[in-house]
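Scroll down for the structure; my scribbles are underneath it.
Every chain is named by a letter (A, B, C and D) in the order it is written, and numbering of its residues begins at 1.
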Amino acid sequence: MSARFLTLADAIAEHVHDGACVALEGFTHLIPFAAGHEIIRQRRHDLHLVRMTPDLIYDQMIGMGCARKLTFSWGGNPGVGSLHRLRDAVERRWPAPLQLDEHSHAGMAAAYCAGAARLPFGVLRGYANTDLPAHNPAIRSVQCPYTGETLAAVPAINPDVTLLHAQSADRQGNIALHGIVGAAREAALAAKSLVVTVEELVDNLAPAMNAVLLPHWLVSAVVHCPGGAYPSYAQGHYERDNAFYQQWDAIARDRESFLIWMDRHVLRSVDHRDFLGRLLEDAA
Amino acid sequence: MSARFLTLADAIAEHVHDGACVALEGFTHLIPFAAGHEIIRQRRHDLHLVRMTPDLIYDQMIGMGCARKLTFSWGGNPGVGSLHRLRDAVERRWPAPLQLDEHSHAGMAAAYCAGAARLPFGVLRGYANTDLPAHNPAIRSVQCPYTGETLAAVPAINPDVTLLHAQSADRQGNIALHGIVGAAREAALAAKSLVVTVEELVDNLAPAMNAVLLPHWLVSAVVHCPGGAYPSYAQGHYERDNAFYQQWDAIARDRESFLIWMDRHVLRSVDHRDFLGRLLEDAA
Amino acid sequence: MTICTREEWMTIAASRLLWDGCVCFVGIGLPSAACNLARLTHAPEIVLVYESGTLGTRPDVLPLSIGDGELARTATCVVPLPEIFSYYLQAGRVDVGFLGAAQIDRYGNLNSTVIGSYDTPHTRLPGAGGAPEIATHARETFVMLKATPRSFVAELDFRTTAGYLQGSGARGRSGAPGGGPRSVITDFGLLKPHPDTQELQLAALFSGVGVEEARAAVGWPLALAAHVGIVDPPEARELEILRALHARTRQAHARPVAIPL
Amino acid sequence: MTICTREEWMTIAASRLLWDGCVCFVGIGLPSAACNLARLTHAPEIVLVYESGTLGTRPDVLPLSIGDGELARTATCVVPLPEIFSYYLQAGRVDVGFLGAAQIDRYGNLNSTVIGSYDTPHTRLPGAGGAPEIATHARETFVMLKATPRSFVAELDFRTTAGYLQGSGARGRSGAPGGGPRSVITDFGLLKPHPDTQELQLAALFSGVGVEEARAAVGWPLALAAHVGIVDPPEARELEILRALHARTRQAHARPVAIPL
């Protein structure tokens, strides 16, 4: 398998199917907003969404009815408060019920690592004396064959497709990330297919032998998509728009204002460039 | 804990004790030869040596009677052939019997990772249908709590002390490595104490946010020791002396020639600088 | 006495609990302000670890999120998140973990998951994040939250994070490696666990605050420690540095980010 | 026909088995020469993975060790060794694993651990290294070793690495994810497993070599495949590129390394 260069619309059409298990990763940094918007535009539904920190893009996807299940470990608007669409789905089943597969960060990280290593489960000293295992039957235990100690186990996460945003790709489709990487690499390696939007295409990646890199033969599709992480950020390219995160609280608090915003900015925009243009218009 | 800057002699005297479990890591690259020689000079014995690929430095330590046990996964002279001193210890118990705790690379890597994470065991799909588990009771199995599949388990490796060689340290004792890192970082993080010899001390490490780095608060002692990996190599500083590796075959094949070489080059040298000087004399 | 808000006082009180060189697992909000204040005052060599993977970070302004670019730019290094939880936190490399929550009970157990029942929640909260394992593995934890009878409760709706469980040694018997919540910093003073029962007791009051205010804010009958201390008011220098930090932060966050088009 | 050594012929025969774009887990020695020859001839986009953590490496000269600096310098990237074994090999990302050994049996099982008994060995060999898991997880493996009745044996002294076990589907029944040894490249030709029994059979001979030479070199009664093919002699271009690679390598390794004093 070698990386193919596609438009975002083609990459989503080809790799994200209704009912699939889909992870958009990136921990605060490099969140694939553009890819998430295209999934909404293509009206995907019944998705099993996976992400440590759902963030605004999952709030949007859940609010637009894309999801039936959410695997996560922290679902808020970082530094601001609630994800209102996520809450509405959980508290009032709007626009649809949302099944929760809830973890801690440590548990979910172990589950991604197990997935990347194609082991069926991950092991950690976690979830001890908490109510989480009682509400999530996927959290089990395993006994150490040396000490007899009981440790927590989590089932491996192996998404049908992982979508990432990264700073750059070369002409072969090798992908380079830098800055905060979260569990992006593990989520990528754990997936059956991998779609990456990038800020820029370069002839040759900067030499950095121990850099975080995804070799082209692990990459299903590469999409050139500048600004693809906005309002999250891409270290070296643009900063996190903290003000947008704060504004989102008001937009998403109310079903109607949410739907109006999504209609104007996501559904009616033809692509991510158009989406960004509409935000620029708002700001003008 | 914060890093202290010591001479190599003091660092070994303080951190490597008779009977201890000691790992000198570095996969082909950055092998801590100077540290191993100082252990020989200080006549440490009854050590449990741990290293994926024993290499020449363990051949020397075993031949000089430092070791009682060896945890390893491949014990040869890379690209050349046997480690004759290791073979002599195993085949003819000279100079002392050597207990083997033998693994595969994948198993030992999993054991280091478990050690670094302070889990009691590591899991892998390994050792399947081989005779290794029959000869190493430390290789056990664990059952997946989801699929019922039986997987291999290895006990965590947590050395009393890990010794590494690295390219550079800053004034705080932060350690930077680049190039082939093997399981050096996992061995370092798994250890109770960590001693690092470095090619150079710098005021500030080059900024590289995702570089391989050991923060100073994990480092027990830093030793400035240029050439400390020779005849292994330090990427960016000097190359592997493949010719020396080839010459070692003849030196180590015979007990007497081995002892003469060790006496002249290691025991009679006062430090690593003196050791290198003696090799230069030989070459002149 | 310098005039300040209770939030400033909490932040300053928390920062004083930290020591130079301590390795601190930092959460967003008040803990992040307290840790950075400590770094800018008496603990210049404090090692700040954020769960986003930034080790030894020295931000000039406070991050809004746990993974702002400022944290990466000023870090000694940035590692993948799974390593933070396995090789650093679980490995016992963290001295102090800072936690917040929506609810705390008298044994320092925390809820940040749900108000009401899990399946039919009254209020769905963000969830666990790093908290359960921070609480398990950090040598000690500090909890920061403002006190009301709705947050300091007799019974949690959901136990997201273990403190001292049912007290009287239950945590120790459970085998938890870390020491548990050693201080709860709230907006009237500090609570600390009783040495035997581990029930949180009033250990210190902000100077000028009375016991009755504390009791009114806590949803269980609050016991007093053998000695109830006084938390000195902020010094002028502490307050100045904290306010400058907040001013820089406000300024930085108000700076409009250009839409990358 | 170009005159060449049997070792050259083996290397060239092995290189021809590789295809462009294939992800190849490379061992030192003959496999490394074969893989790099393939890269320099018909498979420019072959992805070479060395267990030292170098991914997509394109060395100008052959490494002596598995971790020479040349491999790191010319790699797409270098990752920690545990990742190579867990995230790449065990994850099923490797198409072809190349193995050598001291002994092979008729079902492609390998010994690289010991001659004689494990506890009182006649000859202690280097041991397993990456082989057991390469053999388990690579989609297929190629084994390269010169044939003598002491290396191609009726019974192994120690099974370091599983091939087809006892044959007749035993490997498949054991649940091994990879396909096992699909070709054994030796100095008279190729052996391949029988489709049903998986016993290694003579599948091809170097042109000019007779069946009797093959039979004499193998320590079990060597069966012939339904069709025994011919391995064409090296082409001039193949030989030229291989010899230039070896010449560059000899020259590089002969260059004295300055003692870093």
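Please note the rule applied: contacts are C-beta pairs under 8 Å (C-beta built on N, C-alpha and C of every residue); 3 or more make two chains touch, one makes a residue touch a chain.
Because the structure is a prediction, the values reported are computed rather than measured.
Novice: Where the contacts of chain C and chain D overlap, which chains show up?
Specialist: Both-contact set = A, B.
Novice: Return the chains common to the contact lists of chain B and chain C.
Specialist: Chains in contact with chain B as well as chain C: A.
Novice: Looking at CA centres, what chain is most distant from chain D?
Specialist: Max centre-to-centre separation from chain D belongs to C.
Novice: Looking at A-D and B-D, which one has the bigger number of contacting C-beta pairs?
Specialist: Between the chain pairs A-D and B-D, B-D carries more contacts.
Novice: Measure off the straight-line distance from the CA centroid of chain A to the CA centroid of chain B, and report it in whole Å.
Specialist: So the centre of chain A lies 40 Å away from the centre of chain B.
Novice: Cα centroid separation between chain A and chain C, in whole Å?
Specialist: Going by mean C-alpha positions, chain A sits 28 Å from chain C.
Novice: Two-or-more-chain contact residues of chain A, please, as numbers and ranges.
Specialist: Only 118-119, 124-125, 179, 181, 186, 208-212 qualify.
Novice: Please set out, as single numbers or ranges, the residues of chain C touching at least two other chains.
Specialist: Chain C, residues with two or more chain partners: 72-73, 78, 86, 90.
Novice: Which word fits the touch map of the chains here: line, ring, star, complete or other?
Specialist: If you draw each chain as a dot and join those that touch, the picture is no line, ring, star or complete graph.
Novice: Between which chains is there touch?
Specialist: Touching chain pairs, listed by label, come out as A-B, A-C, A-D, B-C, B-D.
Novice: Would you mind writing out the residues of chain A in touch with chain C in their complex?
Specialist: 27-29, 52-53, 72-76, 78-80, 82-83, 86-87, 90-91, 102-106, 109-110, 112-113, 124-132, 135, 179-183, 185-186, 212, 226-227, 230-231, 233-235, 237-245, 273, 276-277, 279-280, 283
Novice: Residues of chain D touching chain A in their complex?
Specialist: 21, 23, 45, 47, 55-56, 72-73, 75-79, 86-87, 90-93
Novice: Okay, in this complex, where on chain A does chain B touch?
Specialist: 118-121, 123-125, 140-147, 149, 151, 153, 155, 177-179, 181, 208-212
Novice: Provide the residue numbers of chain B that touch chain C in the complex, in ascending order.
Specialist: 2, 116-119, 174, 186, 189, 208-211, 213, 215, 217-218
Novice: Once bound in the complex, which stretches of chain D touch chain B?
Specialist: Counting only chain D, the residues touching chain B are 28-29, 51-54, 63-69, 71-73, 78, 80-82, 85-86, 89-90, 113, 118, 121-133, 136-137, 158-162, 165, 171, 174-177, 253-254, 256-261.
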